[in-house]
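Worksheet: one structure, shown below.
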Amino acid sequence: MSQWLWLIPGAPLLGALIIVLLGGLLRRKYLAIVACCAAAAAFLAVLLAWLAGAASQPMQQTLYTWMTVGDWQPVIGFSLDRLALVMVSVVSGVGLLVHLYSIAFMAEETDQRRYYFFLNLFLAGMLLLVLADNLLLLYLSWELIGLCSYALIGFWHRKPLSANAGRKAFIVTRIGDASLALGIFLLFSQFQELSLTALFTSATAEWETGSQLAILTALLILGGAVGKSAQLPLQVWLPDAMAGPSPVSALLHAATIVTAGVYLIARTYPLFELAPQIQWLVTAIGALTIVYGASAALAQTDFKRILAYSTISQVGYMFLALGCGAYALALFHLTTHAFFKALLFLSAGAVIRASEDEHDIHNLGKLGGHPPLARWSFLIGAASLSGLPFITAGFYSKDAILATTWSAPAGPLLWAFAAFGALLTAIYIFRAYLLVFHGPGPRNSTASLPRSMALPLLVLALLSIVSGFIEFPEGWPGPHLWSAWLEAELGLAIFPSHTITYNLQIIASLLPLAGIGLAFILLRREQVGQPLPLENFLRTGWGFDAFYHATLIRAYLALARLLRAVDALLIQGMLTKMIHGYLAFAVICRQGMERGAIEKALAMMTRGFLAFAIICRQGVERGVLEDSIANLVAGLRFGHMRLSATQNGLLSRYALAVSAGVVFLLGYLLW
Amino acid sequence: MRSTDLISLAPFFLLISGGLTVLMLGIWPQRVSTRSLTAVTMAFLLLSAVATLFWKTPFEMSSMLVIDDMSRLFTLLFMLSAAAIVTISYRYAPTRNEIREEYLSLILFATLGMTMLVTSRNLVSAFVGLEILAVPLYALIAWKREQSAIEGGIKYAVLAGFAAAFFLYGVALAYASAGTLDLVALGSVTTDERLLLSVAVILMLVGIGFKLALVPFHMWAPDIYQAAPAPITALFASIAKIAVLMFLIRLLCLQLQHIWEALLPLLWILAVISMIAGNLLALHQQNLKRLLAYSSIAHLGYILVALAAGTALGRDAAIYYALTYALMNLGVFAVVAAFSLPHQDRQDLKEYRGLGRHYPVLGIAMGVCLLALAGLPPTAGFVAKLLAFGAAIEAGHIMLAIIAVINTALAFYYYLRILVVLYSEEKREQNVTQPSQGTSAIVVVVSLLLVGLGTFPERMLMIIGTF
Amino acid sequence: MIPLSHSLIIAALLFTLGLAVVLLRRELLFILMGLEVMFNGAALTAIAAGQYWDNADGQVLTIFLMTVTAAELVVALILVWLAFDRFKVVRAEALTQLKDDMEGDSS
Amino acid sequence: MYWLNMLILLPLLGGLLIGLTGRNRTTFAQWAALAVTSAELLIVLGLWWVATPGANGYLYVVRVPWIPTMGIQYLLGMDGISLLLVLLTALLGPVAVLVSWHSIRHNWSTFAALILATQAGIMGVFLALDLVLFYVFWELMLVPMYFLIGLWGHERRLYAAYKFFLFTVTGSLLMLVAILGLYFVHGEQTGIYTFDYFELLHTQLPESSGMWLMLGFFVAFAVKIPLFPVHSWLPDAHTEAPTAGSILLAGLLLKTGTYGLIRFCLPLFPEASAIFAPVGMTLGVIGILYGALLALVQEDMKRLIAYSSISHLGFVVFGIYAWNLQGLNGAVLLMLAHGVTTGAMFALVGMLEERSGTRALTHLGGLLSPLPRLGAMLLLFTLSAMGMPGLANFAGEFLIIAGVFQISVGFAVAGALGIIAGVIYLLWMYQRAMLGEVKKNRAWIDLNLRETVALGILVIAVLWLGLYPVPFLDNVQVPVATLIELNTAAMAGTADALH
Amino acid sequence: MYEVIFYLTTAIAVIAVGAILVVRHPVHAALYLIISLLALALLFFLLGAPLLAALQVMLYAGAIMVLFLFLIMVMNLRPERGRPLPLPSGWGWPAFLALFLWLELLLLLSRSPSEVVSSTTEVEPKAVGSALFGPYLVVVEAAAVLLLAALVATLYLSRKERP
């Protein structure tokens, strides 16, 4: 199998090549099929790798040496260890599903050749990134996915918004890339080596923990990861990136570009372990981003933007885990997130597509008539995202991260952030869900999805539920397959003592439920317009709710009481105010941070940059340089004119000049 | 007189008898056609050119003339160029009816003057040679007898006389300093009279500088270039100047070396101001002939850069440059003559617009000559400049070399300007007569020579190196 | 007797006066006269030096000088006459058809 | 080695022949020019194929006495670096001919002759190892280029042509002075007066004069590259030149400057260059950032690309003066990559101009939909220009920064900023030209076969350089190793002098 | 006595030339020129060159001056009225330059060897003749050509243009 390792990124690459070279000969329909086949081939190759024992024994393949300059000998080579295996499985799997989904979703588009070319290339890039066994190849694929995201986000390039979004994504991530590149140079100049494994060996051998070089390196690499994964402060591109087609968003958010940063840190974790300060910085970034993303999502009205902020927030959890040293858990969350986020995006895409490109959740709610499958799969995704206890994959992965956070430095604080994020997550996603699917529009619809769209939704829905069961929470009975399997490569997460863990777990499992409840409340208040007490809302008679209350009252009495208590609190306005405050904060976040501070700072920077460029052009280029040339020319012209004036045709002047010459020459002799 | 004397003098006699023959044919009762007169002139010029080949060198003629390889080379150049000028004149429209025995004989006499100048080793013979060169030119410049032509003639006559007075005064003072007019004898002047001799040389330098149009003795040049018919401009822009220059080289570099060394700073200054003033004056000049006059001022400046080095390399460089310079100017003015309008030369640059496209041979030749003037490889102009700058650098005159180099760059501007005008798009103009085959042949030969001397200068350098 | 330098200085004075005539007078004929004076200054130098060195070269030089000036002057005079005859020009300032066009170029 | 002469003579004589016989026979001139350039390319490929390096790293050397009295020889030599640049020259020849096929409307034969003459001159520059011969070719390539700009250019062609010529000629004449100075210094030391490069390598130069002579060379190369304060001819020349002229200018002429640095400045004056290196790197980095800044605010696409060339060539200088393995290799690689990429971009802008009648970004827009192939090509080369991994420029730029990083982190960071700036202006250009709504409605015709072939050659080159540059790098190793030895020696020398 | 005559003649020559500088009428100028040329002839004689003195009188005073006078007559030149001085405007610089040149020459020439000539040696006309037709023969022939050339030139220029 290891000779065939190249097939994993190679198959989609080949697909892309076929599409770009022969695409003109194929009919539109076949383009999609070629692309899907390529993605499927990659997936199959991954499966084969599993079967061939990659899970137990890392695989290596070296194709050729890319460039040979002294010690600088990056190869085009792949290595497949467990970390990579997990990643390629997720990426190729989700990628395949997105491809399938695209068949129907993009069927109407005219420019499918470009779409499938970049989609395949994107997949290839991501797989290459995961498989790369040296930093330079990793950088190559790193850039490649940046490029493809640029092209795909800006797919509808006629809309300036779209094109701008693509460019923004490319440029912002490129800033991170430059940082990564510098990190690579630093490593190379220290160790004259680019291969990952060799680098880690020498780094751990030669650098002391906390040494300056290690910190610098880790910081530079972190810069790259932050850019790609849209973490604070480089998150600005991601919400705009929603301008692309939904499958692209799904791919982007679920499996590929945003997780690349996570993967990078997980891959280079030995370097981060050498720099505890930076590791803590990763944690802090993660924690802040969680709250930031979630709060921002709370105030969105654009369906996909909610999901986008949610991605930011969720990747924040992964960073949190990474910072705490729980690499395996980060990866776990990455995997589950890939499933449920892809599910959310795809079902949202289905909804939006069925509603003639309507993005506003209120309008979507008013339109109604969404395909039931989309609704159900969105619900499952939302549940998984909010981490509904026990039955969803999201619960297992997020809960573990929450638990492990406690034992990190400043753990309780981080935990508070994460937990608060979890609460908000549930609120915003269910708010969206309720608004869209339980809006005033006609509820039940018979509209069915095309098969190629339905299948991925079903698969992902299934995975969003069951994929969590392979790793039960710490201290619980049940399998702990994941962390055990990855222990050799990534180490084990540290958990606090069992009692604390249990307590934390209980709180964590309650948070989503509370969040869902709050979402309901919030929604009602929103629907009425102004803040209204919950009773009024209930009293307006929403049969559905009443029915729920009636059926579930016996089983969930305690819960109901709690709910009422919460209601009471709300009525007393405490929480209301808090929520309002928080909403305001979210708006400030959006307005202030997004459009305000960061956007403005970026805009200012851009403007300043442009102004500087113009000054350069006007001042230096036109002013100094052109002026000095012009002055020179004018001076020469002046000299010419003055001398030319002496050629006035007067005989005696000519004779005079001759005599002056004589006087001068003889004068020289005298002197 | 011995037989060797006769052989050595044969070219001179041939020139004189050629002049007389032409004159006699001209007053022959039956009208002899201009064509046959031209043919006779050419025959005599070529014969005397052949005669120079029989010279046994080195040889001295009664301490007046010295016949060596250098004089042979340049005598040949003068004869052949004069033949070329006669050819150009034959079909030259503005003076069509005026080319008769007087014109041709005057050219022959002028050639004699140049030949005397390069061969003389006595100041008297040099002076007489200078005047034999000058006096025919007075008339030749004014040949068309229009107002501007006569104005040019008067200006040249007066100013050349003025300069000749300085030259002669210098000769007299040189005589006063040593009691001899022989250059070799002057070369061994003792220290006492050195100062007087220096004054004499400086005064002679004024006369020579005038002929060479060095700044500040240059002011006549543009006026006269403009006034004279193009073939005559070719004559005194190329070979006449070179004859004087060769005399200067013989005077300073070969015989009066000690004086030369004392005067090097002066040459330095003259070189610098000639280059700068020449190029500046040419920069925006609209009149092509005046422009070429200014450019030749600058070129003499470059030659002085080489001479100012005061070394053997400098001398060789100057000689090579002189040779190339003569060829380049001959070519350029041949083209100007070929492009002339029926009654006068084209003066304004605008009148040359697009001509290079319609007359490819002339256009390309003009291009080659101009690029050679500019000093671009692979033309001889480049090798000449290379040698000249090399000489300056070898002598440690880095500053001089840099000034020369910047001037060269400046000069590119106006040479390219001419070229662009020649090749720019313009409607076809009708009133140019198709250039004669003779002229075409001459410009082709000159261009080939320029390129040949640029690509394979070795042989010529070897010859010059033995002087 | 007369020292050589005295003769030379006198000759120089003549030469310079001739020069002054050329430079200061505007009529073409005067200018030509000035030229003659300059030549004569040179001739005086040659004769004085010839006596000093006691050889014939000085006189030979002067003879050639006379010949040459004669030839030159004849041609110059005929040109001056032509200018007068055809264009009524007698003064040097009138000869300004040939000069730099101060318009400059526009390209 | 007779084939080296062929490289120069073939285009020269071919051009002469076409120029003389092709009057009013456009089709003949076109095909003949294509045939000559293709034959040239084949010869170079053949030479590459059979090349076996000699002891000193030179693959082929031709040595014929030319002007022995002055010690001037006809000395051609091809080492790995020259080989690559010659290859680039030969590659861009057919491209330049193909893109001019219909865009040049009058006087095709003369045009072809000038293109071929330029090519011959550039070949000569890359091959000549006698300093005078080098200078001869150096000037020789200017004249036809001057006419290409001055006669077939756009509105302000004369101004641009003069500016181009006068700038470069001033620089190169100063180099001539330096060449002569070196000649005499060497001659006085050894008694051998020669312009032979191999001999001159052994000259022991006193420190001050070494610096001055080096500066003489450097000025000429800096003008050609062009470096920051003397770059002002380049945008004008590029903007006004016809497409083929721009391709040759950007693709090749600029490379002669950097080639000169590598071939002459560093090896002939190692001590002076070692002292000068920080200044060189500063100039390089100024060029990078300055070019990038100005590219951002250009409205004219050609001008934009011209400024981007300044930026990229700044990288090359940067790498050269880093003077280590990665830096030099990267510099050579980037020279190739920039030649291909920028050549292609100019070709594309030319095609765009043929179709839309304008190069102003404000008047373009949305052309990706009507011109998908052109748009895709432009995207590819734009990406390459911004250093997308897997495409040509990446390897070079990355190696250069890797090299610089080992010298100075600050410089490397500045260089990385340059890369980011490159992304910004290039994407901005692409978006304004290709994306958005179509501003003009007319009958758009996508690339035809001829154009596709011309660009296809370059696409292959770009991908090859990006994905598998090893065959190119292999050629460079020996010369670069020699250069680095010189640096080490020079550093040791300076250190000795200090102690 | 010799010296007195010498310097007196010199003074005459110089004053006559100076007069040319300022007189208004061309005929007057020509006459002053003749005076100065005759004075020079005397100086030549005094400096031991009787042959040249004779030639000077014949050639200059006889031939050349006739030409001048002839031309003055033909051109019917008259002094312009209303001019106080014949000197043109802006005469300062040229005059200064001429003066300066003389001063320079004075300084330079007075530095030259100034041995007093013991007696008035005379260079015989015979010596001059044998020099002319000995070594200078070639030059004499050339001078003949020069005169011929001048003749041809004059003939051409004075002729009416061909139809």
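A, B, C, D and E are the chain letters, set down in written order, and residue numbers restart from 1 in every chain.
Keep this in mind: contacts are C-beta pairs under 8 Å (C-beta built on N, C-alpha and C of every residue); 3 or more make two chains touch, one makes a residue touch a chain.
Since this is a predicted model, take the numbers as computed values, not measurements.
**Q** Can you give the shortest number of steps from subunit D to subunit E, where adjacent chains in the path must touch?
**A** Tracing touching chains, the least step count from subunit D to subunit E comes to 2.
**Q** Please indicate the chain closest to the centre of the assembly, with centres calculated from CA atoms only.
**A** The chain sitting closest to the overall C-alpha centre is D.
**Q** Compute the centre of every chain as the mean of its C-alpha atoms, then state which one is farthest from the centre of subunit D.
**A** Measuring from the centre of subunit D, the most distant chain centre belongs to E.
**Q** When all chain pairs are ranked by how many C-beta pairs they have in contact, which pair ranks first?
**A** C-E
**Q** Relative to subunit A, which chain's C-alpha centre is the most remote?
**A** E
**Q** Please report how many Å separate the Cα centroid of subunit A from that of subunit B, as a whole number.
**A** 81
**Q** Can you work out the whole-Å distance between the CA centroids of subunit C and subunit D?
**A** A distance of 62 Å separates the two centres.
**Q** Which integer distance in Å separates the CA centroid of subunit A from that of subunit E?
**A** 105
**Q** Quick check: how many Å separate the C-alpha centres of subunit B and subunit E?
**A** Once rounded, the distance between the two centres reads 31 Å.
**Q** Enumerate the residues of subunit B that touch no fewer than two other chains.
**A** 124, 128, 131, 135, 138-139, 142, 145, 154-155, 158, 162, 176, 195, 199, 222-223, 281, 284-285, 410
**Q** Please output the residue numbers of subunit A that touch at least 2 other chains, ranges allowed.
**A** Answer for subunit A, listing residues that touch two or more other chains: 637, 640-641, 644, 647, 649, 651-652, 655-656, 659-660, 662, 666, 669.
**Q** Give the residues of subunit D that touch two or more other chains, as numbers and ranges in rising order.
**A** Counting only residues that touch two or more other chains, subunit D contributes 158.
**Q** Determine which chains touch and list them pairwise.
**A** A-B, A-C, A-D, A-E, B-C, B-D, B-E, C-E
**Q** Name, in rising order, each residue of subunit A that touches subunit B in their complex.
**A** Residues of subunit A touching subunit B: 636-637, 639-641, 643-644, 646-647, 649, 651, 653-655, 657-658, 660-662, 664-666, 668-669.
**Q** List the residues on subunit C that touch subunit A in their complex, please.
**A** Touch residues, subunit C against subunit A: 19, 22-24, 26, 31, 92-93, 95-100, 102, 104.
**Q** Quick one: which bits of subunit B touch subunit D in the complex? Just the residue numbers, please.
**A** Those residues of subunit B that touch subunit D are 360, 371, 376-378, 382-383, 386-387, 389-390, 393-394, 398, 401-402, 405-406, 408-410, 412-413, 416, 420, 423-425, 456-458, 461-462, 465.
**Q** Under the stated contact criterion, what part of subunit C meets subunit E in this complex?
**A** 1-5, 7-10, 12-21, 23-27, 29-30, 32-34, 36-37, 40, 43-44, 47-48, 50-52, 54-60, 62-64, 66-75, 77-82, 84, 90
**Q** Any idea which subunit D residues touch subunit A in the complex?
**A** That would be residues 163, 229, 232, 290, 293-294, 296-297, 325-326, 329-330, 333, 366, 368-369, 372, 376, 379, 383, 388-390, 394-395, 398-399, 401-402, 405-406, 409, 412-413, 416-417, 419-420, 423-424, 427-428, 431, 434-437, 467-470, 473-474, 477 of subunit D.
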